[in-house]
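After this come two complexes, each holding chain A, first together with chain B and then together with chain C.
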Partner chain A sequence: MEVKTALIRDLESLLGKERVISHPTELLVYECDGLTLSRHGADAVVLPESTEEVSRIVKCCQGHQVPFLARGSGTGLSGGAVAAEGGVIVQMSRMATIIEIDYDDEVAVVQPGVINLHLSEATRPDGYHYAPDPSSQKACTIGGNVAENAGGPHTLKYGVTANHILGMTVVMPDGEIINMGGRHESILGYDLVGLFVGSEGTLGIVTEIIVKLTRNPESSKTFLASFNTVEAASNSVSSIIAAGIIPAALELIDALVIQAVESHLKAGFPQDVAAILLIEIEGLNATLSAQAGEIRNICHTHGATDFKEAKSEPERAQLWRGRKEAIGALGKVTPAFYTNDGVVPRSKLPEILEFDIETGKRNGLQVAHLCHAGDGNIHPIILYDHENETETKAAMKTSREILQRCIDLGGALSGEHGIGTEKLTSFSFMFNKTDEAQMMAVRSALSPSGKLNPSKIFPTGAKCGESKIRKTVAGGGWL
Partner chain B sequence: MTNNHPSNTLATETIKPVTTDDLARIIREAAEQKRTVIAVGGGTHLFTAGKQFDLAIDTTGLTDGFHHTPADMTATVPAGMRLSHAQEKLSHNGQWIPLDPPDRGNATVGGVIAANRWGPRRHHYGTAKDWVIATTIVNGKGEIVRAGANVVKNVSGYDLNKLYIGSRGTVGIITDLSFKLSPLPAVRSTFRACYSTPEEALTTAAVIRSAPLEPESLLITKGRWTTLKAKHWWLLVELAGSEEGVTAQKETLSTTLEGSSANRWNEANNKDAAYYWETVRFGNGEASPLFGIAEISFPKSQAECLLALLIKSYPKLSLKLLPARGLAIVEIEEETDRSLFVNEITKIGGSIEFDCVEINSPSHRWPVEPAGISLMKKLKTALDPSGIFAPGTYVGGI
Partner chain C sequence: MSETVTSPLSRTFHAEEKRLLQECIHCGFCLPACPTYMENGKEMDSPRGRLHLMESLLEGRMNLDSAFEEHMKLCLVCRACETACPSGVQFGHLMEATRQSIAEVKQKGRLERFLLQTVLPSHRWLSFLFTITRVIQILRLDKLSTVPPLSLLVPKKLRQLQLSLPTVPPRRFGRSYDVHYRAIRKQRGTVTLFTGCVMDHLFPHVHTATVRLLTWHGYDVTIPSDQACCGALHAHAGEKSMTSFLADQNISILDNCNSDYIVINSAGCGSHLKSYLTYIDSGISSRVVDLSELLAVIEMKPKAIGPTDPVAYDEPCHLLHGQGISTQPKTILEKIPEINLVPLKGSDRCCGSAGSYSITETEMSLKLLDAKMDDIEASGAAIVVTANPGCQMQLNWGVKRRGINVEVLHLAELLDKCFRIDPSYPTDPLVLD
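== the complex of A and B ==
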């Protein structure tokens, strides 16, 4: 208690009392992120307003030998933005300024607390947007996106966050401020930006980001294809990719999700089908018609019962609202759900979807699907009752079995949510001890004290046992 | 021991392993004995800082394990395989790794990635950073380490692939790579327009970028990367894609070029197109031997400023420039004042790498150290604790 009091006193002297949260009631909201299953209490939350302040906070935490980590909007789904070993959360919400938009260089310079969608809203009228579009984009921050290498439906064509970051200012774990990359594409020496993006906030705290701006496409078309079986829908996805067509987005939504969406959002999804594909193509006017025809043929070959195009921008927006807010709608039809972020090679899509559903059945649970299918990022959603301990355990078991299967099929543990605290115990499915040691060598080199965001990603040395597993609440979040 | 391989003159011993396990054993022994190691693929872009090493690894024996899954649009390619060979195999199913570095057929896939090489089509496809999805390497302890997976989206552990791309064999030796692939375009078409001034070429490039066009390549060239007698600045545009897409784009592009200040422009026939791109990649055959080049990257908005600076100091400038990527390659002559050159590039916020015959120290090759060099040195030590991989050959003396 003595140490904690001194820490808070020092933080308050750095920032003033109004920017240090330490009352237990006020700290409750920071106990979890979008993964509500496990909760970890922080000792304090601080609200810096500049890179220099972040640096001083970091030095203060190191001086007190307490863990610390950065947090954006807390929309992450892997328990990455929680104080797994206690300590200080550096909350970036007061560093939320779009510092500069430069269309000549086609970049924007932003603080990490900028909400993803706000940047696209600011630039779209001028013919540009920020391409990574996670479904949480109305709420999530670009700093958080950098930490988790966030994706989104349109990353199929445009790539994930890593493909859109040119430079960063980072406060290192010892408080040193380092600039990496820049306003152009040069990679001189090792690609530090590439390494830091997706490192889940374990190598440094990003305080300024230079992002690429992408020109808006000349035109786009959005289609809804309906299928009587999930298998037919997933076979269509595999065939579209195999034909060398790269849509801007290719999303698979199954009946359970459709029902939830139509009950609560009325997006215009057909209700008497097993699955739909939401397909968007973008590019030159001259190329879209032929591409659309090819996609339509593939869907019909696989037994699509309907294939229709969104006729207007409001209709398109409504379909996308149905997709992006689907997870919220699902929360209204099940006491709780658990989301899985496994990825498979795209040709394995039919196989893994069948496996998911069977595994759910075997464990007595329903599994819904809201897949970034074109990426092979399957997002099975396991429905369960959080008041029922047996079901909660079955949900965890189902998720682990699905992840193991993804790895067996040549896939990966996470497409866009990260490992966080959530998948520590699954890490070894994909990586052996040598692979892990290589990553940990990188971490030790850049964060020797290990105080920055500990007990994340790597099972070795993680203190999972200290997590306060509480009765869970209905899960929120976006996919 | 291998014959006629570029590695033979670099070290007291050359070994050509044929499996990753062999390589790991060799590196373990080298680490124990603290013998320095240089990995050499095709030797097409090697920089040794004039050093001799204890051991050269000829990676061209690492050719097993090619695996292409067309339905996933991914492939795993052994590091010692020639890029040209890999592309040929992938083309059987209408796909390719969309990287086009200057290559007479010798460059290995591992070497291209270790040196992060690129060509004119970078305009559209970006770099290896956008296409490599998994790697196997042997690290400085002689351990075989895997990163990534054969999926196109992945945030499982650190993305060490990014660290290996462009690391020039200083943190590990790549033994295989997996790529996201691109469909081979059904049709390609090249246009050339000739301008009296670079400003005119840049203006037209900007118009093209704003038009409903998606060129595969868009670059401006001058001097040795045009024909010997050419007085003009060339703007080269390559369209690619489906038949109907390219046909529609040809019309738009023709209108754009016709409305520009081009002295002349044409859609190249196949023979001319091949000649233009050959010249862009390798220089025209009649030009004097190349002393060296500077590879410059800069904020895109500075292209005009950069050209003005360069022309002022070097009226006989030879250059190729990718305006949409903020990249230029400029000829360096023996008498070029490189420090003046560096000052000019630094003024516009650019970075620079010299590749000249006489350069044999990292500080001359990379005269301005990048921000974050201290972190890079820590990473080098972490992954190559005995310091055996090509020590003192990379930026900052890494």
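== the complex of A and C ==
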């Protein structure tokens, strides 16, 4: 039986009953995002339709002293869009309008709930696209991309989300509405846009975003290179980068992932190989052939067994569908998996891939790879059975060992998924107490009450939720 | 998943269904493909959310309450999420299993039970009710029922149904005896045409056009007399015993016809029978094809001239998502000489018809229809082609509501019109006794 609290009644008077979700059954679906093992119940979910409404919701939550956070499509893989300490989820799915497309200034103004791919689809006929293309681009929102500073295969050439955001309208943790940045690059004052992008929704709720539009390349070529060992594939990646070539995308996919993809999606990946590289180059038509030849040579030098070009747009699209939806396809081969988001300097790629597989073996688990190889974002995927406690613990151990190794090699905890609730315990691998205190000082200045998206990013900043999380980690149920 | 919990779902979720449910890894790729999620932005009305609710109910974390039921009912079972899903989760199957469980626990309304159990499976009942409807339409009583005081007497759902129905033709297509049509000129093969219920009674002209097309292209066509409703609506409603009864009856009839192909020109029936056949592993499944699948492989004769007006193709969900058929109808249309095909934005999105959905979930259905009509108007099409009776009714109703000049045709009707330019094309197919 649902008992409406004063908070719910106030939210309903702001938005109407239809836009406030508070029934316990309905709230269950908001308990996790793309990371299913980190589950936390919210007290309410609200669906605002304007910046002003978001502001009123924020003020209402502060008035009731309850935590709150924004959520897009919930495709994130670090548990960033769950109510770790309960409270209110501000669901942005009804703020999904492309407000303006301006080709003269090469910008678009969008609401945060706009699906990443929808913006590129809207501008494609006119020869433009929105460059950051996370694998979940078919479903993730641009607001979520801003929060996590999302990457994607083509960020190798074009840069991550932060490189494509010019300005934003933000509802601050006290409900104040502020504008930052604009339609052009600016170097004056503090770079607030830079601060907010990647802040994992802990500093404010973005309600309008000015993004750069990127002109489509004159020409592009997509290649599929096959290898009999993962090592040969990763050595090719290092050599391509060392040769001074910057492909638009350079992805490594290993046999386990190929098997999952081909069991349902059928992208056309060869099934009798250890690894493939999906390589895309783009630019002026005249320059591509020489570059293609050079890449082909490098791959063959490292023992590529096959090197072929996608012959048509549908063939190219199918290869990319295979790559981008591979994570989802893993449901076919394993009851559960955990995607590690570690990063290493590109030269260390062969070393870390070998280490991952060895570590998995040592812990009795299989580790698959789906790497944004070009920028060293390795994405080892640890396969396990979530109903088997020993395996779950082993998976957690494997992931921590891999992350530790990434850091030792001069890399990072996360390339694009963020820390969220997921990497709280490994935060200290990368940041010391002073680093954390500096970041916490920024957060405390902007969000003094700490009610906005608590228990994310910082292990010591977390309050009651943190002990809950830690406890589950110790029990092996959470990863 | 704990095995000790007895969930209301456990009767229809066996090991296989539980395994299928596990294939969802919560990636969320299905969200933007789901018409109801895109309309109201609520996770409970997304495929991932619905699967999450199913799982929670199965795990005993919640009860089969009205909220659960509401979100399951709001699903169109358009299966667009299946096309979007990287893991190939068979959402439609899981939703049907869920609705079976709901049907076991909660009894349906009297009118719904009467329609599903008595009317749809019976050509007599259908003829009787459609004849009354025809009389009402001729006397313009249907218009009368929309204004007070009559509107107060007729139930809202019934009024909705009346309004959305097309003009009822004088007689249905099927007969009480088997009918055989002979191939024109050289015989290429044999076909059994599945006629269905709504299609048989409300769209006999589509069946006639289909027969003319098939005989003209060299097929003998048989129409077995005892065929019944395919049972798709029953499956969607969770009526398990009636679903199996109808499917078995149809399969035994179709199995007796030794034709090369069993052609279905209704996407909904085709999708249902095909998936039913997969589960019972019947020998006839390899012969069941949608009309467009068959027409795509035979060489269409060249004299056909397309309409000069712009044509758009709106993909029926149960053709595109249910059967994975998309290029065939498009290729057939593209091959029509001088056709002016225009792109239709959102042609892969449900029009809101979804079987009886337009009656049971009218509000959402109308929102989706409005979005569809906006796209149709923006496309500039004067002819919209579809391949399913439900879509045809819904789109026709959308056209009527807007008062715009757009013709809605089944693919078979459009092709039939194009071929008529040839003097040797049959006006009536040859009937063999």
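Assume the second predicted complex is superposed on the first by the 457 of 479 C-alpha atoms of A that agree within 3 Å, B and C clash if a C-alpha of one lies under 4 Å from a C-alpha of the other, contacts with A are read in each partner's own complex, and residues count from 1 in each chain.
Note that contacts are C-beta pairs under 8 Å (C-beta built on N, C-alpha and C of every residue); 3 or more make two chains touch, one makes a residue touch a chain.
The model shown is predicted, which means the values in this text are computed figures rather than measured ones.
**Q** Sticking to the clash and touch definitions up top, decide whether chain B and chain C on chain A clash or fit.
**A** Partners fit side by side after overlay.
**Q** Given the touch rule stated above, what does A:E354 touch, chain B (first), chain C (second), both, or neither?
**A** Touch partners of A:E354: none, neither chain B nor chain C.
**Q** Name the contact category of A:D385: first (chain B only), second (chain C only), both, or neither.
**A** neither
**Q** Which touches a greater number of chain A residues, chain B or chain C?
**A** Looking at chain B versus chain C, the one contacting more residues of chain A is B.
**Q** Quick check on the superposed pair: does A:E12 touch chain B, chain C, both, or neither? Answer first, second, both or neither.
**A** It touches nothing on chain B or chain C.
**Q** Looking at the overlay, what does A:L195 touch: chain B (first), chain C (second), both, or neither?
**A** Only chain B is touched by A:L195; chain C is not.
**Q** Quick one: is A:H264 in contact with chain B, with chain C, with both, or with neither? Answer first, second, both or neither.
**A** In the superposition, A:H264 contacts chain C only.
**Q** With the C-alpha centre of chain A at the apex, what angle separates the C-alpha centres of chain B and chain C, reported to the nearest 10°?
**A** 130
**Q** Return first, second, both or neither, reflecting whether A:I178 touches chain B, chain C, both chains, or no partner chain.
**A** first
**Q** Answer with first, second, both or neither: which of chain B and chain C does A:E315 touch in the superposed model?
**A** After superposition on chain A, A:E315 lies in contact with neither partner.
**Q** How many Å separate the nearest C-alpha atoms of chain B and chain C in the overlaid structures?
**A** 20
**Q** Which chain A residues qualify as touching chain C in the complex?
**A** 21, 23-26, 28-30, 32-34, 36, 45, 47, 73-75, 91, 93-94, 96, 113, 115, 117-118, 136, 138-140, 261, 263-265, 325-332, 335-337, 387
**Q** Considering the complex alone, what residue numbers of chain C touch chain A?
**A** Contacts found on chain C: 1, 22-32, 37, 41-44, 46, 48-49, 52-53, 56, 61-63, 65, 67-68, 71, 84-89.
**Q** Can you tell me which positions in chain B touch chain A when the two form their complex?
**A** Answer in residue numbers: 69-74, 94-95, 116, 126-127, 129-130, 139, 143-163, 165-167, 171, 183, 209, 212-214, 241-242, 244-245, 247-249, 297-301, 325-327, 349-351, 353, 366, 368-376, 378-383, 394-396, 398.
**Q** In their shared complex, at which residues does chain A touch chain B?
**A** Against chain B, the touching part of chain A is residues 102, 104-107, 148-149, 151, 155-156, 159-160, 162-163, 172, 178-180, 182-192, 194-195, 197-200, 215, 218, 238, 241-242, 244-246, 283-287, 290-291, 343-347, 372, 375-377, 410-419, 423, 427, 430-432, 434-439, 441-446, 457-458.
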